[in-house]
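Here you go, one structure.
Labels run A, B, C and D following the written order; every chain starts at residue 1.
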């Protein structure tokens, strides 16, 4: 059974996950899960959950899983592509769950899929994320990578 | 020249755009633009802008443009698909701009593309959004649609 | 158990499926399957299967399933979006299988996912297709739709 | 002006481009163009061009451009992701053109977009392809890469 890093993710003092009120409930290199109570910060103009929230949830879970798989290999990951299909409209007050699992975890790239579900376990959104694996000694955006999941941080 | 609804969008008291600090700078049925100063609420664990922010910006701009085109036709829109490519990593402090234009604006569906640019006008992310056009007298998520852009609201 | 239309699909005298040597092995409104022996007509310049073959297989299976679901409802379908991830390179001589199942089958749109597998059941490609449902009395490309799966043809 | 390799592409004795009757009209590292006369081999069951043809055209053009850019750097490319939006239905007899240009051409990955146009220059389909750049001394599908565009072939 692979190690669960969810507590460390939730202790982050700031970031998109915190701004969006996302709680990571499982964070392993084989599966990542999260929960979210829909509030006004998640809505678009029609009063339903903004598509960017679903994309972002899917991106987060895929990235965490891929990063956890890459970490012991001396790699980190960076998202390349996110494609998300919106299946059902969701309104404020609803509780969402999301789960992500890998399709491929290679040395060069990984692909993870993720689904967002409502309280009846109906699919609300589904998507895939492609991530590039980068050796830790290579720069990202001009700096060495030092992520929350990396040794020493 | 089509009417600019950007002021009305920015006066919204709450929602994802407000939570993410996005300012709409142009909102017409032909083009939509926005700006964003990157803060901690936009970051993922490695300290760069979360992919979900780019997806969400692209989703917002496409949706606003498509809604403005649909409105005088007695329609509203709902996002079906969002695919976003991440091109360059962006760190806190950066100022982002985004612009969206239509690829097709049909009676049944619309497709808008959008690009997120940094201060040097380099492409940071790019994507397309497919939206379904729905007659206003048809329900969405079990309720009649009453959006901020709709007559009487 | 929903009716299997695979024989009728394979009897088509011409079309992309025939040009690509695809055999439909199951065609129901709940699941669609196909097989393909990789020949030179499927290859790109490096000698591996062209990505368009995977996209096309995924498109075919999703479209057949969605059309079969739409048919008894007096609807036909048209593809809106196809996103496909390439997972493993495949060379000539390999035998590929593909299977597609629905994610959502609504009155307005459907989403089907599909996977292409090699002889070891390893995922070679995976994708999703979004399709628009259109009432049969509405025109497509300027003509009434008369598909191979429609009554009277 | 970058070198045009279109003649070499069209002299290929076999492959998907030949099976689909595609003529490459420009092949440089900055832009790739192709033409296609729609025949029965491009059609799906409703008698319109199969979505896989559009995906495949977009995949081809993006891949050729990316490969030409990668070649002088001692790299080849492999497609990771293809997302294609279908805009207009096309029937047999129509003449299609396609054009692809780069969005980013990095050392690790490239992104190219492409559009398929009809005779009135209306957009018929549009998409993006993400490609991974691989050093030529690294294996693909268990063999050294020897493509039609590589030195010595």
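Basically, a residue touches a chain if its C-beta (ideal position, glycine included) is under 8 Å from a C-beta of that chain, and two chains touch if they have at least 3 such contacts.
Bear in mind that the values here come from a model prediction, so they are computed numbers and not experimental data.
Shared contact partners of chain C and chain D, listed by label: A, B. Minimum number of contact steps separating chain A from chain C: 1. Interface comparison, A-B versus B-C: the higher count of C-beta contacts falls to A-B.
Centre to centre, using the average C-alpha position, chain B and chain C are separated by 32 Å. Between the Cα centres of chain A and chain B there is a gap of 21 Å. Across the assembly, chain B contributes 80-81, 83, 85, 88, 130 as residues in contact with two or more other chains. If you sketch which chains touch which, every chain touches every other chain without exception. Of all residues in chain C, those touching chain B in their complex are 80-81, 83, 108-109, 130, 132, 134. Taken in their complex, chain C has these residues touching chain D: 9, 12, 14-20, 40-48, 50-53, 55-60, 63-64, 67, 76, 78-86, 88-91, 129, 140-141, 143, 145-149. Only residues 83, 85, 87-88, 103-104, 111, 113, 123, 126, 128, 130 of chain C touch chain A when the two sit together in their complex.
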